[in-house]
Structure formats: structure tokens, C-alpha cells
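Same chain, two partners: chain A is paired with chain B first, then with chain C.
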Partner chain A sequence: MRFGWYRFLVIAVAAVAVLAPLVLVFYQSFLDAPFFQPVTHFSLEAYSFILSESDFWDAFVTTLLIGAGMTAIAVPLGAILAFLIVRTDLPGRSWLEPVILVPIFVSAIVLAFGYVVALGPVGIFSIMVKSWIGVVPWNIYSLASIAIVAGLMHVPHVYLYTAAALRGLGTDLEEAARVIGANPWRVAIHVSLPMVMPAILFAAVLVFFLGFELFGIPLVLGDPQGILVLSTYLYKLTNLLGVPSYQLMAVVVVAIVVVTLPLIYLQRRLLRQSQRYVSMRGKGQRAAPLRLGNWRWPAFAFIALWFFVTVVLPIAGITLRSFVVTWGEGVKLTEVLTLDHYRALLNFPNIERGILNTLAIGTIGGAFAVVGYTLVALAIHRWNSGWVRFVDYIVMLPRAMPGIVAGLALLWVFLFFKPISPLRATLVSLWLAYTIVWFAYGMRLISGTLLQVAPELEEAARTVGASEARVMRDVSVPLIRYGMIASWLLIFLIFVREYSTGIYLLGPGTEVIGSLLVSLWGTGDVDLVSALSVINVAMIGIGLAIAVRLGVRLHA
Partner chain B sequence: MPAEQRGLGLVFQSYALWPHRTVQDNVAYGLKLRGVAADEIKTRVAKALEQIGLGHLAARYPHQLSGGQQQRVALARALVYEPPVILLDEPLSNLDAKLREEARAWLRQLITSLGLSALCVTHDQVEAMALADRIILLNGGVVEQEGTPTELYTAPRSLFAAEFMGSNSQLNGTLASRQGGQAEIEVEGQRLRGVDRGSAAPGAAATGVIRLEAVRVDGASGGNGLTMTLATQMYLGERWEVVFTRGATTVRAYAHAPLAEGEHHVEFPPDALWIF
Partner chain C sequence: MVRFTTAALAAALAVAFGIPSVTQVQAQVPQGYPADYSKIVDAAKKEGKVVVYSTTDSASANALIQDFRKLYPGVTVEYSDLNSTELYNRFIAEAASGSGTGDVTWSSAMDLQVKLAADGYALTYDSPEIPSLPKWAVFKNQAFGTTYEPITFVYNKRLVPAEDVPQSHADFVKLLNAKPDFYKGKITAYDPERSGVGYLFVNQDVANWPQAWDLFKAFGKESIKLYTSAGAMMERVTSGEHLVAYGIFGSYALSRSHKDPNLGIVMPKDYTLVTSRVASISSKAKNPNAAKLFLDYILSKRGQEIIANKAELYSLRSDVTGEATLKKVEELIGDKARPVPINADLLEALNQTKRLAFLKKWQAAMKGQ
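Right after this comes the complex of A and B.
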């Protein structure tokens, strides 16, 4: 019976943590002034203001366009990549997978900075190209650029789901088509593609949905040209009227959630559908990979080119930029090399704190987050109850809030509930925001490992006399400890990378690299931004290297 | 009642040994949960492992044991806290054929020598007969028949029980007469006498069931047989399995030597032919 109490306690805490910010946002959206003001009235003023703003509608349409554009780019590329890696004799396919997943773990805002310093009008590579052909044949500050960059960055998401579906598909289905006389390419088009179509469709909806979460790329590449998406519109709104216009921001948040919630629901349905296909697998033996013949190296070059443009180019650009005094036409590299930017970082106590805080929230905060996710996962583990569905929805809800929105909502929660207000200026607020934003991801990691524990191992403990709580302590948790450590590493990477969730919570004591980068970019200090970006990338690189070395699967 | 309060011993089909604990710790867990003192746990675990003949493997982890050894550890884990009843869920189904026969003998010996009450679930009738003092035959959750292995094998009360145990041949025909525990069935135009096991009225469809080893194919006629054509014969090692047909009726039997092609007299001793 005591375990029953534990279950409901955990569910209640999780529900409050998830619902409080959302409810507060909805409440705020119907007020005529910020909720902390002494006199507020219920009103629809904020809605009529926002909905009559042409900037809002522009941002809305831009968001849809970028979402559609990045989907159109990421889906075919990701599906082709998955097919090449899973089904063909592509060179290096055994070590390519972790490489392909790298963009998931690199901060989007760092990549965006990288594109500006590498491919911007006076970017390092732009100047190089200009010296060859006389002009810079691209414009990084445009809607198309944002869609292309975002599309390239989200290729791994499509890859993951398509590859998983392809692997789940028994090769015997393809063999059967080969035997009755279809050539490999016909098999790919007529058998493999239709079978993985539900997974690809799911990935497409996912990528389109992630378009609403974009913040760093549109902020860095769109803002200079006045291109706003919903998240950057929200960010700009902060200072629009001089006074904090919470009610207007709340309306924008509601608008975002109203679009993203149905998309999440659609994803759930599509995922279930794609799993129905996977269950049609035959016997899972591996057949000989499809021979690419002369296409092997061109295919490899295709993947290498994608990786170069998506990861190497921006990171090389920002790294180079962090070691030079200035950059422009006619500058000789050897004359401008410097370490000053890194030294300068130490002159700012808030930056120094930010670096330490980032490490702390990644390691200690990550560990606590994993513990929290495990507590929730255990509470619903092998529980035959309607409450499990309820928890499923609770877990799913935060996904509807892009990081910047969740950070804002959490800030309000800390302002609204007076007893916890003192925590606002501590890392606890940031940790809570991070943990809620990545709730669904963390739960997927932990329940994935929990599901691998054979049920009879737990039943055996029950029959020899262990209570449910005892079984969790003595059997389930010890059995998933390696899974928990692996999850901790992944959560570390995610927390170190995170930049948008901390923006509204940024203050003395809660600085992290991600949110500092956003605010430093606002001041235009490219020197500091590039040095700090490189430190962020280095942290993630080390974490990734450890994860790959330990054989951690890089996806949930 | 929650499983942990039932106080039963359960041996899982897959053994369900905890991979993160040694053999010692696997067996000791039930005692630890019952608050037994540490040194008593030690002696009782040692005794249990001794009983199953694995005393020397206490420090190993389950994955370092063979399938048969794992099964013994699972049994020790269920025995050690002396539950009133041990449940065995298909205990031998995870072992390969040769090992299974050894484990069967070992298990029977252990159960009788320790005087255990064991409830063993199996779908293998040979295993059931070898292990059990009493068999309860279930059909779709309903008790079909219960009794000693001998009763079930030699005196099945229903067609299901008769067909389930042993290897049988079926003779489908119509009931010609029944009287005084005897019945006659008409098969392929011939009347055959047998033991009355059914409740049908004469003229209704009936089924005769006979164990393969009871069918006589040595040519001797007891006046209760059919002339049938040899369809095929298979060498099984210690004997031959022969298949006869006549019309729609197929009869299998055992022979000590291969038979000649053509027609044979197949005899069904009346006391071994059950008519349902």
C-alpha cells in the first residue's frame, strides 16, 4: 500500500511541475496587466492586441514557411542517409552513425554564429570565395538560408526514425522481392520505402514541429533583416512597450501551444501507426548489404558534404574567429592570431560563473534530472492503470513549449508563488526549467531501459516475498544502473547545449553559457561570443567522446 | 492477495535469476526479506545449494552457469525459505532434449527425497507422467480428469484425455451396440469390440481410440481386427512405425521388424480399444 502512496505522490509532483507553468500562462493571457500588479482585470485585450498585430501574423507565417522548408530539406536527406547506412555497403558505415548524430548535440545558436562568421557578408569563407570569383554568391541573412540551415541540422532526426524502421524491417521481406525477380533499386522503391513510409511521415511531422522550437538560428540569421518567427517575436516583445507586457507574451505563448499541441498529438498517433508496421517484421537476420558499386564513394562524399556544411564549416569558422583579432578582406592570418578573447572571458565574473554553472547543471543537475525521471518512470513501471495514460500526457505537455517559452513560464511560476520566489535567483530555477523541458526525452531514455528488464525478474522477487517498493530497490534499479549512467551522459550533453530555456531566467547566479551567448550576441561582442561558443563546443565534444567511447547509444 | 504475501515458491520457465546477483545472493534474497540472521542465511543457502549439487558455484553469476545449472539455482531459490508448495512453470522446457531427460530424473528424485509439495505446470505429457504423483488434466481451464499417471494413461475418461496422453490411432465409425461396459463400433464395414467409454446411442457417430503400442500387427488374429494396406513405414531406431490405411481410416502401429508390402491383418485387442 505504501507503494501506492509513492506512485500518487510522484504523479502529483510531476503534474504540478508541468501544469503550473502552463496554467499560469493561460491565466496571464486573460489579464489586462502583469499578474504581479496590485490591480488586474480579466480581459481579452491582450488577445485583440496581438491578433491585430501584423508583426505577429508575419512571424506566424514565417514560422510555417521555415517549418515547411526545413521539412522539405531534412526528410529526403535523412531518409537517403538512413538507407545508405542501414542497407548498403557504404564505406565507413560502422562509425558514421555517431557522426551523423552530432548536429543533435551541438547548440543551434553556436552553429548560427558559426554560419555568420564563416558565410556572412564578411565571413571567413565568404571572403575566400570572393577572392576567387569576385562575388559572394549567397546571402546568409534570408528566409531561405534559415530554412536550409535548419533543414540540414534536422537531418539526424529523420535519419534516426527511418533507420530504426529500416532495421526493424526484416530483410526477408526484401529478399522475397529479390527472389521473385526485382532488382535492388526496385526493391528499395517498391518494398522498403512503403514499409518505412509511416516512420518517415512521423519524422516529417516531428521536424515541422521542431520548426516552432527554432530560436537561435532565426535570431542570429533572421533578426538583422527583420525576419521574425514566433519565438523571436516573443523575445522581442519583452521590450516592446518599455514595461513588461506579460499579458501579450502570454498570448503569444498560448498561440504557440495551440499549434504545437495538436502536432504532438499527431506525432503520437503516427508513431503508433509506424510501430504497427514494424511489428510486421519477418525473421530478423541480416542479409548482405546492397552493393553500391561505383556509387560507393560518391555516396560517401554526399554524406561528407552534408556534414561539412552542417557542422565543420560553422564550427571551423567560429573556432578560427575566436583566435583572431579581426577578420576582413586582405587580413593575413599569421598577423592577427591571438588568445586575447579567451583571456577576456576571465575578466567577466558573470561569464566565469556561467562556465562553472554550465558544468554544474550538466553534471550535478543532469544527475538529479535522471533521478527525477527515474522516480517518475518507476512510479508507472508495469502499472496497469489509467493513471499511466495520464502521466503519458503530463510527460508530453512540456514538449509543446519551446525552451524559451518554458523558461518564461517558469520565471512566472517563481514570481507568482511567493514561497519559492527566493529560488528564482539560484540554479534551482534553471534546473527545474531544464528538467521540465527535457521531461519527455528523459522519460524515453529511462523507460526504454526499464522496459528491457524482463518482467519475470521482478515477478520472481515478488514471489520470494519482496514488496513492490523492495523489488524496485533490489531488482529494477540495480538492473538499469548502466542505462541510468548512459542517460546521465546524454542529459549532460543536452543540458550543456541548452541555450533558449535559460534566457528569461538569466540573472546573477543563474548564468549559463547558452543564455550568456544569446545576451552577448545582443551586445554585438563577437570576440567574446566566439570564444565562449568554442568552450561550449569543447565541453560537448568531450562529453560526446566519452559517450562514444563507453558505447552509449546516442539516441533514445 | 499480492504475490509477495502468498509465501509460495515459484520456479519460472525462464528461471528469472537476477543477473546482477551471484548464485549465493539470488538464493539468499528470500531469506533476507524474511529477516533471517546473516549467519543463518549463510548456512541455509549453503544447505540448499548442496541439495541441488551446486555448492561449489555459489560465487558465480547466473550468466556463468549452464542452462541446467541455472534451473537448479532457480529451484534452490524457491526452496530455501521452505514454502508449503513450490510451483514449477514448465520447468524443463528451456533445456535441450538430452538435458531435459536428465533434469527430469533429478527433479523427481529431489522432490521425493526432500518430501516437497510441488505443483508442476507442463504441456508435455511424458514430463507430467514422469514427475507427478497426481495429474490434473486441464482442457481450456476446465478439469478434464485427475488421477495418478497410471489411471490417466490406462483409463482415460474422455476422448480428450485419451488423445492427450500417449500416441494414438483413431478409428471413426458408427456405434453398433453397447452393453455391460462393452461397445461395438462399425469401421469400414467391420465391427470391432472395445471398452465402452462414451454415452452415444447406437447408430450415432463414434470414435475408437487405441494406443500405438497396443495395436498388434504380428499377423495373429483375435477376431477383432481389420485387413489393411501398408502405406508406409519409418525406422525409429528401437522399432518401426508402420502406417496402414483402409478407405478413410488410417492406423499407426509399432513393429519390431519391417513388414512386407501389401495387405496385413491389424488386430485391436478389445480391452485396449476405447470407444467414445
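Right after this comes the complex of A and C.
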């Protein structure tokens, strides 16, 4: 029964890590002053204030609209991409996969700012288009644009889930359809799609859910028109009354959690349905890909177009910005080229330490995070128990707190939970914050690989008398080691781009690139911001290149 | 690097020849300070460090920190830059938990700094530099103004016709009434609802200028674009997406204009608000003596010369010369500077009812009403 103890220990640690900040926030929402102040009273005033604020409801509706819009865009695109890459003879599909995932790894605020430089009213491409047709036919500051940009950026999430589901399915049914003469489209729509529908819906719920914590895109693109979403409304709340009123922010988080819970429930139901198809998993034969025929290159062009709009345009924008003094209407770019921003970066205090810390938190921190996620995943692996449901919920909950609140709540935890207080000023606190916030993502990576281990192997070990712990140690873990390395790389990429969560935990000696970016953005040093962003993107690019070179399979 | 080596060489020579080096002499008691200041210096050296929470980004503050290190080699500066809300959040939470927090808070949110002092978080300290500071810049010997930053208009020199450039607040109203189509959607300012400094600026405008609401209504009619960061505004003004920004820290504008000559700066001739970064020593400071050294240093002539000429944050001492100084501002606009006094009046901006009422009026103005 030792393994039982292990299970409960792991679940308890995970639950405490996730729930401690959340419980603090809930508690705060019912008080009339910061909870740590000597005199506080129980009060529902924060609720009545927020619920009677028209801005809150506007932001709420806007968030729902953006969530719905981005889901409507990301889901079909992601599903089509997955089908093309997993099932067809699309040109270049072996190297396309990591490329498709790029948007996950680039900081949203960087991409959004890149869009302003590239496609804003006086953006580089906008001016080009204007010189051809006389007007700029788009407005990137509208609600629709925010939804489209967010949708395009979340295509990889849908791709990941759908591709994993497709790989898990046998190809015999599709082949049968081909044999009787169906074209690739018909096969996709009438055979593949229904089989992976639960996975697609699961991804749809996830994307909608992620819509609630969008921050960078609405902050940069919503600013000029005053478009507020819940996360940017939180930002406004810190200031509305002059002194930050935590109870008001806490109420908004409670509201987001209330919306989130049914979504998680829905996700669980969908996942259960998708597992009905588990019986078809594990067919070993390598099926011949569907021939796209004349559609090969148009399909490739379609992916290239998506990639151009989602990644190339904004990154080109930010890169260009890092090499010029100024830009915009009436500026000849050839006359304003400069390397000064990079030179200035060399003299920037703590820049090396920022870069080193970022790399350390990505590599070492990423490795520990993967170990942590694996421990939790093993604890609930093939376990029929109500506790698994509990874990499913706590895994998703941290995502219900937008970054700025999560950061503050974690600071509180580190301050007022004395045993871990000494860790606050070290990178460990930052690591813990990142690990908690990316719990859902990491768990999905690990449990995805774990599910690929055929149960027969584990059962075989059990039959010859191995204990549960022994099965895990000698069978499951060795079998998923490549999956763990792949997850490590993915987590590395995520940690390298993260910024908002750590803002309150950083101090002298623990700065990371993300935090430097944020503080520079505030004081107006866009020159340095763009140069630093390019370095950040380059780090991510190198990580990806290594991943591809090592042949790491980036899907879970 | 070169400078370090020279300093090391000088120090080595000094030791070798038994000559007390210049920095060492200064390190004991700065000129004009009371003799018992050496006790503070010695205690500070024992503390060994000072933790500074600041809204000034470390790139700008770097020269200041380097020079402080030269002056007091035994005291290291642990410098954290945060935005003003984060600074406040972090400071009060850390102070309440009894674990270490900033020994010095140094923030551009003047109202929040005065609130910290009013709530008992600031140490009362009779700094020897007080006689050299303007009266308005010292609050109960707890909160000290450290800079003299004019609030300016900035504009795009390429795209705004020279005759349009508003030279005063009144000009601004006239311009918007005269060319409403040209400037529609092209004006930008801080959002007082989302930004603390934004609120401070427009609130002070109303206090200083009876026609302020006319200007705000004109902004509303022109569909002004409101932001939360000076960077976003200046970037969009220089690119031509917007043309004129209202209410930008002169310090940020000045450094930006040195890099990009297309950015024009105006200190309005009818009145120019002047704000100051406010520094306090925490009443819970673990390194109170080192904190005193740091505070005195940034207020001293030596520190202010760096504030003026390296950090370009505008010195508030009248005995400092350079482009970013009180003197220079006076040369440009005479007696029209309106420094925001650091006193309990600032707390009124934090009064919930008054603030919400003001913002309601602001929202109406944004609709042109």
C-alpha cells in the first residue's frame, strides 16, 4: 500500500500549491481591506461594487465574444492543419510541425506590438498597401481583429490535441474510404472528423477558456479604442480607486473561476467520450499517407499563409523596429537604420544576468517542472478514482487567475506562509510560480505520453509480481523518457517567454528577460524593448531548432 | 571597464604610498554635513547594503548607482525596478508580513508615496540636504521630492505643421477647435481611469486652470486615444499614428528626443505642471543607515548632477546646471512652472468618492459633454 501513500502525498502537495493562492484570493474577495492589514471586516461590498459596474459587464461580454470568435477561427484551422500533417503527403510535413507550434512560444505582448509596427494604421505593410490601393483596408484595433489575431495564435493548441487524437486512431477506416474512391476531402469530413470530434471539442473548450486569460493582445491592440476584456479590466481596477483594491480584483477572479468550472466539467465529459476510442489505439502498422494529388501545393500554400500572418508579420515588425530609430508615415526606412539599440543593450545593467536567469529557469527549471508534472501524472495514471476528477480540476484552476493576479497571490503565499518565505528572493519562487501556472499544459504533455504506453506492458509487469511503484519505475517511466525530453523542451520554450506571473517575485539578482521587457515598456524605451524581444525570440528559435535537430517529436 | 581599472589602480597606488585616496576622505563625511554623520556612514557600512524599490528603470538609474558605489564602496545597492502599483502592492504586503522589504521606496506615484508616509510606513529623517531643497518638495521630513519633471506636450515634427504646435494649454483648445478634422483621433494622453499618473495630471490641470474641462471636452470630441504607458504614446506619435501627446514626463520625452530628432517637446507657456519622484525611507527598514546615505546621496549636489545630466530626470536643486534642471526649466518658462506640492492634499486624490465623481465627469467629457 506504499503506492497509495505516494498518490495521496503527491495529490496533497499539488492541491496545496494550487489552492493556497486561490483560497487567499477568495478570502480577500469577502473583506473590505487587504487581508494582511490589522483591521479588516467581512463585507460583500466588493461584490456589489463590481456587479454594478458597467465596465465589468462590458468587459465580460467582450471577453465572451473574443473567446467565441477565437474558438471559431482556431478550431477549424487547427483541425485542418492536423489532418494535413498527420494524414496526408503534404510537402515538408516533417519540419512543418515544430514551425506550426511557434505561436505558443512567442510572448503575446511582443507579437501584438509587432502587429502594430507591421499592420497598424501607419505600419510598414499598411503603408505599402496604402500606396497601391489608396486606403488601409483593415483596422487592427477593432474587436474583430483582436479575435482574429487571438484565434490565429491559438491554432497550435487545437492542432496539438487533434493531431494526437488522429495519431491514436487506426487508419483502416480512412483507407477503406479511399479504396472505394472518396477524395481526400470526403475522407476528412466523413471519416476522420467524426472520429476525432471529441478531441476537437475538447480543444475548443480549452481555447475558449484561454480566451479568458488573454492579456498581451487586448492590452496592446485594445488600448487605442478602449476595448476592455476581463484581464485588462483587472489592470484598470488596480488604479480606479487610486489605491489598489485587492477585494475588487479578487471578485473578478471569482467571477472567472465561476465561469471556468462548468467549462472544466464539459471538458472532462468530452475527454471521457474521446476515450471510448481508446480501443483503436496502438495499431503498430505505418499507414501510407493519403495522396492529396493536385491539392498538395495549395494545401501547403494555405499553411504558409497562416504562418505568414501569424508569425512572420509580427516578428518581422518587431525585428525591423529593433534596427531603426523611428518608423511610420513619411519615414524612409533606409535612412533611419541603426544598431544603436543593440549597443545600448550591451551596456544595460544586469542584462547578462537577465539572459542567464531566463536560460536557467528554462532549462533547469523546466526539467524540474517536468519531473513534478510526471510525479502527478504517474499518481493518477490508470487510476479509477474520484481523486482523478479532483486533480483534473485543480490542474486547470490556476489558469483561471490572470497573470497579474496570480503573481500577486503567489507573493502573498510566499510572504505569509512562513516555511517557504526564505525562498521568496530566489529563483525557486519564480520557478514554483511558473510551474503552477503552466500546470495544465505540462500535465497534458505528460499524461498524453503516458497514455501512449500500451496497458499490456504494465499489466505484464504486474502479472510477474511487480509492485505498482516498480511498474512505474521500470516500465512506464523508461517508456516515456523521450516524451519527457520533448515536454522538457516545450516547457523550456514556455518558461523563456513567460513574464507576467513572476513580476512580484523578482528582485535584484533574479531578473529575467520578461520582467526587463515589462519595466522598459512602462518607461517608454521601445528601442530597447524591441531589441530585447528579438533576442528573446532568437532564444526560442534556437531552442526549437535544437528540438528539430534532435528529432524530438513535439506532439504530446 | 576602463574606469574600474583606473579606480583600482588609484586605490592600489594610494595604499602603496600611504596616501588616503580622495574617495575615502569623501566617504567619511560629505562636505557641509554635520560631523556626527560619520556614525551613520559607519553603521551603514556595517549594514553593507541598501534595498531600493523604484519606478525609475535600472538603465536610467545605473549611473546613479555606480556613482553611489564609488562614494561608499562598503554599501551595495540592491535595486528593483517596478511600476508604481507593483511597488506599492509589494511594499505594503512585505511590510505587513514582517519579512524584508525595500529600505528606500522611490516612486513617481506622488500620491501613493504620501499615503505610505501618512500611514506610518515612512521614517522621519532630518536629512542634511533639506536646506538645499525647495519647500514644496519635503513632506514632514518623511517624503522627499528628488526630481523636477515638467509635464510636456510632445509632437511629431515631420507631420505637425510648425504653426500648429500648441504653445500653451489655451492654444491646444484653439487648435482642436480650428482643425477638428485634421486632428481627429490623432491626439493621445494618459488614461486617468487606468493610470495613476494620468489621474494626477488631469486632476492638477483642473486645480491650476479654470478652463481645463473645456480642453478635456475638446479631447472627447476629437476622439482622443488614451494609453497607460508613455512608451506606447511616444512610439505612436513618432510613427505618425498619432500626432500630439498631451501630458508626457519631460524626462522621458527628452531622452527619446535625443535618439529620435523627430520628436518635438513643448513646455506649455501658460503653466507647466512639474512632478517629482518621491523618496522615503521605510520605517521598517532593515538597513536604515544605508538608506539614509542613499537618500542623502540622491538629494545631494553630486547625485543631482547625475540625475540631471546622465539620467535626464531633471534635477530639483537650483545649484545644478545642465539641460535637465530646474534652472533650465525656469529659463524656458519663467515663473510658469507649477510644481505639485508634496503634501497631504495629494491624499484627496485617493478619496474614493471624490475620485469616482471626478472620473464620472471625465467620462462625460470624453463623450464631448
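In this text, the second predicted complex is superposed on the first by the 389 of 556 C-alpha atoms of A that agree within 3 Å, B and C clash if a C-alpha of one lies under 4 Å from a C-alpha of the other, contacts with A are read in each partner's own complex, and residues count from 1 in each chain.
The rule is simple: a contact is a pair of C-beta atoms (placed from the backbone, for glycine too) under 8 Å apart; a residue touches a chain by one contact, two chains touch by 3 or more.
This structure is a prediction, so every number in the text was calculated from the model and none was measured.
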In the overlay, answer first, second, both or neither for which of chain B and chain C A:I503 touches.
second
In the superposed arrangement, which partner chain does A:R470 touch: chain B (first), chain C (second), both, or neither?
first
Report for A:D340: first if it touches chain B alone, second if chain C alone, otherwise both or neither.
second
More residues of chain A are touched by which chain, chain B or chain C?
C
Quick one: is A:P34 in contact with chain B, with chain C, with both, or with neither? Answer first, second, both or neither.
second
Which partner does A:V122 reach: the first (chain B), the second (chain C), both, or neither?
second
Going by the contact rule set out at the top, does A:L457 touch chain B (first), chain C (second), both, or neither?
first
Where on chain A do chain B and chain C both make contact?
none
Chain A touches which residues of chain C in the complex?
51, 55-60, 62, 65, 78-83, 85-86, 88-90, 92-94, 96-97, 99-100, 111-112, 115, 158-159, 191, 193-196, 199, 225-236, 238-241, 252, 256, 259-260, 262, 349-352, 355-356, 359
Interfacial residue positions of chain A with respect to chain B in the complex
454, 456-457, 459-468, 470, 474-475, 478-479
Contact footprint of chain C on chain A as seen in their complex:
34, 36-37, 116-117, 120-122, 220, 223-226, 235-236, 238-244, 325-331, 340, 344, 348-350, 408, 411-412, 415-416, 421, 424-425, 503-504, 506-509, 518-529
Any idea which chain B residues touch chain A in the complex?
2-10, 12-14, 16-20, 29-30, 33-34, 77-78, 81
